[in-house]
Each structure stands twice: as C-alpha cells, then as structure tokens.
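Shared between the two complexes below is subunit A, which has subunit B as its partner in the first and subunit C in the second.
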Partner chain A sequence: MKHAWLSFVSVWLTRVLVVLAIAFFLVPIVIVGVMSFSSSDVMMFPPKSFGFRQYSSAFSSGDWWLAARTSLVVGAATAVVSCVIAILGVLAIARTRVKAANLVYGAALLAIVAPVAAVAVALYQVLAKVGLLGSVPGLVIAHCILGVPVSLLVLRVGLSGIPQTLELAAMSLGASRVQAWIHITIRLLTSSFGAAFILTFLMSFDEAVFATFLGGAHVNTLPRAIFNSIRFGLDPVITAIATILMVATGVLAVGGSLLRRGR
Partner chain B sequence: MRIPRSKDLSLASGKSGFLMLLPLLGFVVVLVIIPLINVINTALAGSPATNFAKFFESPAQRKALLLTFSASFGVSIVAVSLGAMIAWWLATSRRPFVRAIIWASVLAPFWMGVVIKNYALVVVFAKNGPINYVLGWFGIPPSSMLYTIGAVVVGMIYSMMPYAVLPLYAGFRRLNFNQLRAAESLGATRLYAWVTVVLPAVAATLFGSLVIVFVISLGFYITPVLLGGLQVPFMATLISQDLFQYYNLTNAAVSSTILIVSTVFVLFGAILIIGWKRLERAIL
Partner chain C sequence: MMAPIHRDAIVSFESVSKEYSGSLAVEDVSFSVYEGEFVTLLGPSGSGKTTLLKMVAGFIKADSGTLLLDRRNAASLEPRQRDIGMVFQDYALFPHMNVYENVRYGLRFRKLSRDTVRDRVEEMLSLVGLSDYRDRKPNQLSGGQMQRVALARALAIQPRILLMDEPLGALDREMRIRMAEELRRMHERVGVAVLHVTHDQEEALIVADRIGVMHQGGLVAMDEPREIFRNPKSVFAARFLSRANIVDAAVLQVYDSVSAAIGWQGLSFHIDCSPGQPTGDCRLAVPPWAFKIVPAGNPNAFAVRVREMTFLGEVTQFLCETADGVELLVRLSTAEVHEASLSALYLSLVEGLVSIVK
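Presenting the complex of A and B:
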C-alpha cells in the first residue's frame, strides 16, 4: 500500500495516546493516596511533611462514622432486595414459558441509561407522595433502580452457565421443580449471587445523586457527606476517607469479579 | 391425553413464570415508568406552552441546555475513540503485564465511586495541585483549571471510560483476526487493514457505545457540580437548584422532561439503526 507513513504515524499516535490516557487514569488515585499522608491542614502538593493526621481526624469524627453506618445499611438492604427481584426475574426468563419476559428485562436495563437527574426528580415526586422522602427505605427503593439491573446482568450470565439438564435430572428423580431450583440451580449460583450482592452493594455504597436529591435532612450517606464537604471547600480529611474507600471498594470489587468468574 | 406440541415441557408454566416476573415488572412499572410519566405530566400541567416558554426565555437555562448536549456529544466522541484504542490494545496485547495495567487503569475509576473519583480530579486540578506543580518546573505560573468546561469534560470522560472500553473489548474479541492477517499479508498497511476489515465489523458496537455514553452523560450531576461549579451549569445542576433553592417543581420537571424525551428519542433512533440486541451489548 501507499501511505505506509500514515499507517506508521497512526499506529504510534495510538500507542502514545493510550499510554498517556492510562497514566492519566491512574494519577489521581496515586495523588489522593499520597496527599492523605500529608500532615498539613491545607491542601498542598507536594505535601510539606508526612504523618497520619488526616486519618486520626477522620476516625475521631462521629459524623463520618454515622454516615458510613447509613451507607452500609442502605447498601446491604439494596443488595438483598435487588438480588431477590433479579433471581426471580432471571429464572422466569430462562426457565419458564412466560411471554414478553425479555421486554421486561430490557426495560429494567434501560434504568441504567435513563438520565439520573431526571429519574431523581421523578422519584422525588413519588417518594414525597407516599411519605418516604428523606427516609432510609425511600433511598433503598431509589437505589434498587440501579441495583436491580446490576444483579440482573450478573445473575443472567451466571444462570446461562448452568445446564438445565441438572434440574431435569433432579426432577426425574422425584424432586419438584421448586426443589430442583432451590437445591440444584440456586446452590450452583452461589458464587454469582456473591458477585451480584457485592457489585450491587458497591453501586449503592458509591451512589451520590439519589442520596443528595432524596436523602432529605436526615439520611446522610458517606458519598453525600463527602460531596457536600467538597462543595464547600477542600478539607484534607477527605483524602484519608477517600483512600480508605478506594482500598475497600477496590478489594470488594476484585472479590466480586473473581466470584463472577467462578473459582 | 394429547400433549400440546408447541410447549417446551422442560420449562415451567407461563403462569408461574408470570408470577416470578411480577416483582421485576412491578419494579419497572412502579419505579421507572410511572414516575417518569408523572414528571412529564408535571411539566405539562397548567399551560404546557407557558412552562416550556418560561424555560427557553431564560438565557442561563438555554446555555445549560446547549452546554449539556454539546459536552455530552464531545464526551461520547472522545471517550469512544480513546476507548476503542485502549480496547484494541487490550484485545491484541499478548503481554499479561501490559494487559493487567490497562485493565487496572480502566476499571479503577469504575470502582472508585462517583464522588471519590471527581474529588481526586479536583485535587489534581486544584491551584496548588500536582498539575500546576509540574507546570511550575517549566516556569508556567499556576492557574486554576477547576471550574472550567474543560475540567468537566475531562471528568466525564474519566467516568465514562469503562462504558466505552468494555463493549468495544468484547466486540474486538469476537473478531476473526485471521482476516486482519490476511489483509496485511496481501499488502495492506496496518491502518488500511484496520479501516477496511476491523472498522466495518465493529461499526455497530462503536455506534452503540457512542449512544450509550451520550445518553448517560446527559444526566451527569456530580461531575459538573464539583469540577464546573456555578460557572459551568449543566441541566442536572439547574434541576437541583430548581428543586432545593427555588422550590420550582414545574421548572425542574420541564428540564427533566427535556432530558427524558431526548434520551428516549436517541435510544429509539439507535434501536432502529442497529437493533436492540446490539444496543443491549453496549450497556455494560
């Protein structure tokens, strides 16, 4: 071909761009980690001196503990509710003759794509009407909008890897269909369930838009508290909290992905 | 007794299937469809013409609308192009170490959580942050890069990267690489082979990712607020102000309706062009 130089340039340009992009994706994480060990009370790069000052002030503050507890409760409840709705739905799609199941599945997935701010307004109206605005159950309901699609995706892939013949074998040996589902299929799905639970929990644990729009005066989750703190100035304590959260969610997410791949 | 042929008896009955699907169906209808219709209703309540005229009268709101759509468009183009390059490298590299680093860099922002991720960028862009520190070596005076449209766009690209990389990676993995080798062995340059062999095969996936990234970007709230501040108002910023500062539910509903209708319109167009199956693949 002519234009050999054009090919050469584009191949190398691509490589340079990718390397720069990757560096750029990783840099903020490293910077926050480094800054969290600064012993200064103003944000400054590079830190003048190092210490555990940010960590000790983060741990000694009752507000952050309270916010963390709220986030844990909301996250766990969201994960449980989402997984229950999702497993029933996924079994219905793959193991029954119900019609139009894929349409419902598609509609549920679209919730991920819907503009978050608009959905928040929509939920604001609905939750206000039923008196759940600014309550933990209200926020759990809202988070399920994002949690159910996550669980659906994970569990559907998991279920597709389990041969239906196992259930049929159990049934031919006298198990009822429900017994076969519970004792064979769902038991084999354990690692997928673990992954779905972790990923849904993380989704809720990290979510800030619904928490801000729907949390009202009393439900203050960790992301919301951090968001509000950053809006009103750069408190260096956040670097410590951010680092702890990055490590914790990173470990959980890797665990979730490994479970999903299934031993 | 005659066994009906059309039924697959290895599957449970449609009736029990429907009962099991009920929670999911209820969830979709009660939490997504009805609330969204409700918002559109609120926007149309009273005199719809006045509600929307009021929205478009305000220059600030027109600016936010334009900004949201143009930024989302730019973000989707850049994120998908960059995502395609990264995904290509990921799909073709044989060195496990390189692949591990690329995966980590793509997935780390995904796992970090929206607020933490944007906070990290605020720290990086801040006036006494690392970028200005490095620029200082070259004698460039520190300037605040925060609260600019550029900062918001970079932040949005950072967040949307996994949505661009993951579907494209899956798309590249489905390719038959022998075709590429054949083209190159017959004399095509790497670029020519890529454009004539790979591009047509992944065009639908590229388009799907473009659409998904664009649509998700429309609703962004945290990134514009933290990296753009009041200087760079997005639709979501306006919605939150209408709701919590001006207590103007109608106006918030009008803004939301514009977002919802555009999303539905774009997604419907995309389904017509590439079909639902291929669009679904682009949703992670």
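Presenting the complex of A and C:
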C-alpha cells in the first residue's frame, strides 16, 4: 500500500518536472511568437490587440531583406566550404596512413571549445592584415573555424558506418582509389552531407559574435541586425524577424537530424 | 585427378613472408594456383590465410619473397591492374545500386560496347539464377542471394583468378553446404582459377581441388583432399583436419625409400613413407576412424580400456587408454559397437590411414 502511494507521488513528480523543463525552454520562444502578432508599435506582453503589422513592416523594410540575403550567402558559403574541407579531412583520417591527420582533427575539435570572443579578437588581427576584414569571404573563413569541426564530426560518424570492403571491392573490379571514393563512399555519405550542410549553415546563420566583430561596416547579417536594432531602441519588428528565424531554423534542424539518422 | 604440373600457374607464391608489428603473419609460403584449379586455404582464424588472399588482391604487400600473377611480378601492380574478382565475407555489395548495377560495376572500367556489357550482365545473372531479381537492392535480398550477386559481380569481369574470403561464413550450416555444392558446380562450368579461404573443413572438402592447411603463418600441408587426409605430413594438419592421435612409434626398417615397417603397441605393419625416412623413433598420425574392433586373441590386436564413450549417431566416439597409458580418441561405427563387448575391447589398425608426421 505504502509502495503504491510512493510510486503515485514519484510518477506525478516526474510529470511536473518534465512539464517545467519543457516550459523553461519553450516559454520565451512562445512569448516572442505571441508578441510578433501584436498590432501595437511598442513591445508589450500580452499584446492588447493582434494583427500582422510587425510582419508587414519586416517584409517591407529593405534593410532586413539585405541582412537576410547576407546571412544566406554567408551561411551557404560556410556550409559548402566546411563540407568540402571536412570530407577531405575525414578520408585522410580514416582511409590513409597520414598520421598527422588525427592531429589536425584534434586541433579542429579544440577550435569549437575555444571562447568565441577570444577567437574573434585573434581573427580580427589576422583578417585586418590580409585585407579581408569587413568582407563576406572574411566572415566565411571565421565561420568555417566553427563549421569544419561540426562537419568533421558528422561525416566521420557517417563514414564509420560504411564498410571499407566496399571500396576494396570497387578497386578489385577496376576502380582507382579516387573512383572508388566518388562512386561508392561519397555517394553513400549523401545523407551525412545533408546533415553536415544544414548544421553548419544554421551555425553560421545564428552566429552573432564573429559577425559583429569582423563584419565591419558592410557585412550586416541577420543576428547582427537584430542586435543593433535592440541596441538603439525597441522596434517590435524584431519579434516578427525572430519568429520567422526560429520557425525556419526549427524546420532545418529537424530536417538535419532526420538526415543524420539516415532518412 | 590430373596432376597440375603441365598447366599454367595463374598465381605463384615464392617464399613470401609478411610481418605485422614484430610477429610474422605469413612465413615463407610457397605454392601456386594453376589454371582452372580450385584451391582452398584452410586454417583457424589468425593463421595468415586472409593475408595471402589480400596480397593477391594487392591490398597488402609482401615484405619478402615474390608473388607472380600470370608469371609477372605483381609487386608494382595496383589492385585494379590485376584482373582479379573478389568475393568478400560481408559480400560488399554496393547498397545504393540494384543487383543489375552491382554486377555491371566492374564492366564500366573495361572498353566494351553497350551490347556486350548488357549481354555479359544478363549471362552472369542467369548463371547465378537471379535474372528475376535485377531491380532489387541488396537490402531486399537474403544472405544466399547476396552471396550470388557478389559472385556474379566478381565473375562478370572475367577475371584471371577469383578470390573468395570466407564467402559462406555468414550463412547457417545448411545454407552453407548448399551454396558450397552450388559453387562447386558453378566452378565446373566457368573453369576460372579460384583461391578460396575458409575455416570450415566441410566447405573446403566440398569445393576444393586442393586444400592447403595454414598454421601460424605457415603453409603446413597442401594436397588433394583425400591425399591430405591420408598423409597430413604435419602434426598440426593431422590434428586440425581429423583430430588424429599423435603417437610415438618406431621405424623398424625402410624399403626402397617408399615404405617402412613400423612397430607400435606390439604390432608391426607397413606404411608408405617419404624418401630419406630414417629408422628409429617417429611420430604417427592415427585418425580416430583408423581403428577397427577385432576378436580377442587376434595377433594384430591390442587391448584398450574405455574411459569415456559418446554416442554421435552413425558413429560412437571413445576415449580409450592402452596398457602402457597412451590415450586414444577412437571412432567406431555404431553398428560395430553394438555387437562388441566393451569391457575388454581389442582394436587393430587400418594401416592405409596411418601416416608418419613431423
């Protein structure tokens, strides 16, 4: 009897905790989402009246479109460059006898845990010297420091699921080593590439520190534009921008994790 | 069985050795595979047989010795230049290609007309009986079917030699034996030289023209199946192939350097021997099936005490001990055992099944 009572309490306690944990993550997002449908010109929660006013002013503003375009370009370039570097790195680690490849892998992983602000300061010096400060290529290089390790991790997991005998079989049938990689290995990594692409793209798309430090006067990405807009005032348009971003990011992230699980 | 001497050697190992981090994976191995011949390397895992196979494929290079492919030194040849077909234990079918595309893959590297390619693929699919499965992906096939696709893919390029690495190892016993018999028939039709590696003796006996026994990187015996069982030459091969009893005996006399008089357990008998056999102490391999029950008082018999008895169906296995304490594993037909008195068992030898081993 006593046990039944205890298990009743523990079951309910668990349920309450789960609800609280989910709320902790989701309530801020929900609040922003609700606020984005306010028809007022000041930010407040809960909104007094509802409408699409924030969305229409977001879509009609040229600055936001420009920032969105910059973010898309930087994100896509970061994803492509990261994936290309990562596949070469992963093949070097897993399929060649180049021992230094593992050192490079370790160095790449260290780059993820290094404090972003510190890396940004260091990069500032380097990019200024080579004249890439405040340029899209400069920001792409910075984002690749974060993007390459992510792609390396994803592709390495993907490659570990592909038996090497497939390449040996292709080679015994007449393929060169590179042909075996192209026809078999890289083809089988397609879903891993998709996942790596989406993850690095999102990472770049969401990144504000490098964009603020290294973007200079001209490279204005969406996260940076959001920061700037709340620094100089509280334009409620950003609730709409934030909501659009969150929905798009969420869709991509779910798509990415589905791909990683191999469709 | 024809002696292979006047046929061309497709693959020849000449004193080949290979070392892995200080220990010899392959030690001084020499043998050839001749045109149209099915050679099986049999041995426990880690005995070096797969290493030899991978050397022929070009995935591993020998440290010393020479490997000849078609009488050419293979050392500088890439895998793709070797004209080999290989069947892997895990089949290694390309999962993103269907059966037809898998079989066709090797042909894209050969300058063949579109019609030739199509005909060749169709021919291979019908050879392995999978013409109706051409559109299936590998994950829609059973183990036996995947095995056949792997075989068709390897044969489609008309290789000089077919290499098979534990090709039936992933199948259950019944399927393995059926596939082995099928493989044997297919080999008779296609006639390609085969080098095949397995740890399964039954599989080896079904498919092989010659069996080589591998032990700790060395090739300890190689011969036709019946012959290698009759004369395993080495202690390891005798134990591994037939769980033979290895007993101490004496060579009493050698005649014309081809046969010897042997003394053992108070018996004396003649067996074949190799040239240069000295007289004196020797070791005999006596397989468990080389014994027969005889009545007491037979002059060619010796008495044993039965310590253990295991009924195995057709045969019954005994662990016996002779008067002077030698332990013997003996298998007798159950019918024979049924009529015998087991309290005082008298055995004699089937001399032709006994051989001298080193």
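Going forward, the second predicted complex is superposed on the first by the 243 of 263 C-alpha atoms of A that agree within 3 Å, B and C clash if a C-alpha of one lies under 4 Å from a C-alpha of the other, contacts with A are read in each partner's own complex, and residues count from 1 in each chain.
Note that a residue touches a chain if its C-beta (ideal position, glycine included) is under 8 Å from a C-beta of that chain, and two chains touch if they have at least 3 such contacts.
Everything numeric in this text was worked out from a predicted model, so none of it was measured.
Chemist: After lining up the shared chain so the two structures overlap, which partner does A:F45 touch, if you call subunit B first and subunit C second: first, second, both or neither?
Modeler: Touch status of A:F45: first partner only.
Chemist: For A:I244, select first, second, both or neither according to whether it touches subunit B, subunit C, the two together, or no partner.
Modeler: neither
Chemist: Given the touch rule stated above, what does A:A76 touch, subunit B (first), subunit C (second), both, or neither?
Modeler: Once the two structures are laid over each other on A, A:A76 reaches no partner at all.
Chemist: Which holds for A:A175: it touches subunit B only (first), subunit C only (second), both, or neither?
Modeler: A:A175 contacts subunit C only, not subunit B.
Chemist: Let me test your reading of the model: by the given contact rule, A:P163 touches which partner, first (subunit B), second (subunit C), both or neither?
Modeler: second
Chemist: Looking only at contacts as defined up top, I'd like to know whether subunit B or subunit C touches more of subunit A.
Modeler: For subunit A, the partner with the higher number of touched residues is B.
Chemist: Does subunit B (first) or subunit C (second) touch A:L26, or do both, or does neither?
Modeler: Only subunit B is touched by A:L26; subunit C is not.
Chemist: Tell me which partner A:A68 touches in the superposition: subunit B (first), subunit C (second), both or neither.
Modeler: So A:A68 meets neither subunit B nor subunit C here.
Chemist: Common interface residues of subunit A with subunit B and subunit C?
Modeler: Of subunit A, residues 168 contact subunit B in one complex and subunit C in the other.
Chemist: Per the contact definition, I'd like the list of subunit A residues that touch subunit C in the complex.
Modeler: Within the complex, subunit A touches subunit C at residues 163, 165-166, 168-176, 179, 183-184, 187-188.
Chemist: Considering only the defined contacts, which subunit A positions touch subunit B in the complex?
Modeler: Residues 1, 3-4, 6-7, 10-11, 14-15, 17-18, 21-22, 25-29, 31-32, 35, 43-46, 84-86, 88-89, 91-93, 95-99, 101, 104-126, 141, 144-145, 148, 152-153, 164, 168, 177, 202, 205-209, 212-213, 223, 226-227, 230-231, 234, 238-239, 242, 245-246, 249-250, 253 of subunit A touch subunit B in their complex.
Chemist: Under the touch definition given earlier, write down the residues of subunit C that touch subunit A in their complex.
Modeler: On the subunit C side, the touching residues are 57-59, 78-80, 82, 84-86, 88, 90, 92, 94-96, 105-106, 108-110, 153-154, 157, 163.
Chemist: For subunit B, which residues count as touching subunit A in their complex?
Modeler: Counting only subunit B, the residues touching subunit A are 7-8, 10-14, 16-18, 20-21, 23-25, 27-28, 31-36, 38-39, 42, 82, 85-86, 88-89, 101-102, 104-124, 126, 128-130, 133, 158, 161, 187-192, 212, 215-216, 218-222, 225-226, 235-236, 239-240, 243, 249, 252-253, 255-257, 259-260, 263, 267, 276, 280, 283-284.
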